[in-house]
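Note that subunit A is present in both complexes that follow, paired respectively with subunit B and with subunit C.
Up next is the complex of A and B:
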């Protein structure tokens, strides 16, 4: 698996050590934050919220692929599953949005526990096929279950009032809610990756037999990473259901699982911020092509093939590996 | 009326036949996947797309050139095999030194492109394709009605599966292939052209998928989506069988097809997911698969 994930922002591990290097990253971070805060006043908020949801989705997915070396082809189950639960609980049970999202996250985590328990029995390519098959099983479950409303999906979900106070029907308020969730999610991922737990995950990615021989219960760590990734994916899915006010079968389909892989691959597998850029590009492209009759799948497929053939590091991976990137203190690991 | 487990025997046997037919397609497709994976170590996500391509080539041969079913049954697999060979030579062969997952991702992209192109051209709905006159009609077996074409599908797929198995196990070419699976470097050192062998293997897998596609064309409609609907089920079949053995892939294909058909009789709601459930159970009890060799 080590080949899959050659990029890393190891310098973040030593944050606070070298003055100049850290400054460059801090400046990037501040610029990014400033852009995110100002963006809704210039760009269509729904588009931005969609982008943030998918960015969080891709980063959560990357937690598994980039930092543990497991390619899941079934993440749509967690994304769409959480979207259904959030939509259902908010609409039918009348819970507040934050409780709805929380229930979505719990459902996704539980689903991750069950799917992960079965899938981690095989490695590599089998793991990918098993997750795909299990997610497809969940798709058929959603197709037939009562509460998902079949082909129609759960429509016109009310956004409600955050903590019963803030009216989320105001697009700007909704945007800042989504942004807060996104930042919390990213902070969790950053903390997770740089924790001792995250270090052990990386060691499993690099050399699983060795991690076993060092006495780590590899399966438990993998399952932990799987559940964590599923829960964060659920966070993105639940918020997405509130943003668009519906949850449909599209969210649980295998095409969605493929899309998130593409976002991660395009942005840079195993980089903390790469998937954000990948998600941004893919979502923008979809928006751009939504009005034309040209099918998005052809473009998606071609981008996939090109990425795999000649652009495996992804955008951010290439940047880290470039001279400028190295000068700014980003480490590209081979 | 005769009953089996409280089900009319006609319904029971009818679903058994449908299961057997689905199983024929699963067997042909998982066989191709297993052959490709054995040598190339690539999970061919485009296998469903190649199956669809086979059906579409047959459809176009009839619609544009007036070439009927029987020649198409040979020509379509050859065309798709040539297409597969070109893909392997120009692109897929660059990925062998990398992690196997890249092969999966590349073929996934390829599947999206092929499917997208046909969807763009023909829409998502199916095109009817007329089967051969020779095989129209059916036989009344007394206890059930057997359409001739469906019987032909089962027989044809059995014959092709067995022929492929014989090709790999009993011929010189097959022994090269098996040797290259074990140790490609050594086989190359003996003067066998391994890169050519890889190309031929991918072409063979593609031809098998296309053959299944032509067989399926008169039963199901020829639709751009027919490939992606079946490929995930075939993946589950491959996981259940384990990719260690060719015969295992064939046998699992038929068994799971029948299991799916029988579920339709007893508990129709679960028929879509029964194969996935079996997969989960097999993974929990025998992680290597029913016929798998690797740990």
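Up next is the complex of A and C:
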């Protein structure tokens, strides 16, 4: 019994399914880790790194959509903004890659604070529209600004030496750097969701007027989640700039904001790992269909429609809610 | 009326003067004066559409009054934000049950305890940091008789039990004034008796203002009754005063309750 209560407290899926939950989670986690460690020796590393960047992006976005209930349509600003800052500081200032990424994160967090401060006052579609409008303003800023090099973007960004020691031009070294960043990002998200703060976020999502009547200034909590989501998105964007060695307008465009929504919905909102699978699916499709004469957007569009119609909860959400998922002790929260 | 004004009675914790709210051309609440006293159960009754819930929303600042003033513990809260009002000690419940459905009973109560115990903003600490709230949470759960349901999801509780849980979370804030919007609506006799007892109990050291339709319970547990009709006060006083008022009898109570 005491074991059960313990699980209830340490897990997001706190329906009290007992030991099955922790065991299944641990096994899946280990399998996933093993695959990630072995993958670069079998699969093209750049593709894997792209996948990890977008997976982290989608998970950071899900922190807002799934765990706070806010649909942002402007996350490209944080992703692309951080990419520009990282690319610029690494290339022009000659800082080491980890400092460049960190500066990208800080810039994204600051941008998130400003955008969030304006947008959080409205809810639902109005919130989404304000974030979209602000992100578009940022897009045109990037188009006009000097340091972003306009239509060309910042090209041939050197990857440099991690901590001044490890040469990131080696694809395997670069891959493990990206993997480490990804795992750190996921750990931060996990902790954020399963923390006292995360409980308050959950209560706001469950019943906002009640949270207000208990004395919570809900806008501040939402803003906190918004800034955290923006910062982690910046982490993904900054690393992406190093992986591809460029930062362009594509990363700040509204299509990018739409793509991350697609990834999150495909994988399953409000599940920790769902967006990883959603990102994996979209990035894989884009990669393998890139050379086909058939336009890739039509295929992803069809996949999206089928998924929304058949897997309403997303791939992972549907798995959690399935008989097998429940047997393994997963619980889909809604 | 003028003799028993707010300032002369030190037991008054929440008072409204000339409280008015217009919605477009419609005046939902019109010049309502209200004094809620410490250690009293004050019932707000009246037919449907009389403006009871609007008064609640005005007092708790979920709505802004068009005119009038509200004082809580001597401080003017007419322009204060609702979450600030809650932190000052005025905590409300809602007409539809206000629980966090996909959380356990324990977590529901702990949410209320987190802020007063400075455990609401730590995004870097594990959930086990909240375990130190368990003792207090369990005491509150026991106070309303929900021990057996402690680890159940709020969504799975019966309606009556949800209302009880709501009272427990409200009590967690140790409010000076508790506003209960129809705490017994849609409940069976057994639950009504249980809630009535809990309300009497919690009113020993705080003020309770409640909207309620169940007149036999109102008669039984209220120290003071205010009758609203079409947004205006029809009568106010103890049960005898109010129930013998001919206007009240014809407008609302009927004869069987007099």
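Here is the rule we go by: the second predicted complex is superposed on the first by the 305 of 334 C-alpha atoms of A that agree within 3 Å, B and C clash if a C-alpha of one lies under 4 Å from a C-alpha of the other, contacts with A are read in each partner's own complex, and residues count from 1 in each chain.
We take it that a contact is a pair of C-beta atoms (placed from the backbone, for glycine too) under 8 Å apart; a residue touches a chain by one contact, two chains touch by 3 or more.
Bear in mind the structure is a predicted one, so any value in this text is a computation, not a measurement.
Of the two partner chains placed around the shared chain by superposition, subunit C is the only one that A:207 touches, whereas subunit B remains out of contact.
By the touch criterion defined above, A:141 reaches subunit B but does not reach subunit C.
When the two complexes are overlaid on their common chain A, residue A:215 makes contact with subunit C while staying clear of subunit B.
Contacts of A:197 after superposition: subunit C is touched, whereas subunit B is not reached. Contacts from subunit A toward subunit B in the complex involve residues 1, 3-4, 71, 118-119, 121-122, 124-126, 128-130, 132-134, 136-137, 140-141, 143-144, 254, 258, 261, 265, 293-298, 300-305, 307-309, 312. Taken in their complex, subunit A has these residues touching subunit C: 5, 8-10, 14-16, 191-192, 194-200, 202-203, 206-207, 209-218, 221, 224, 228, 333-334.
Touching subunit A in their complex are the following residues of subunit C: 60, 62, 81-84, 86-87, 91-94, 98-104, 107, 110-112, 114-116, 119-131, 151, 153, 169, 173. Interface residues of subunit B, counted against subunit A in their complex, comprise 43, 91, 94-95, 98-102, 104-106, 108-117, 119-120, 228, 232-233, 235-236, 238-239, 269, 272-273, 276-277, 279-280, 283-284, 287.
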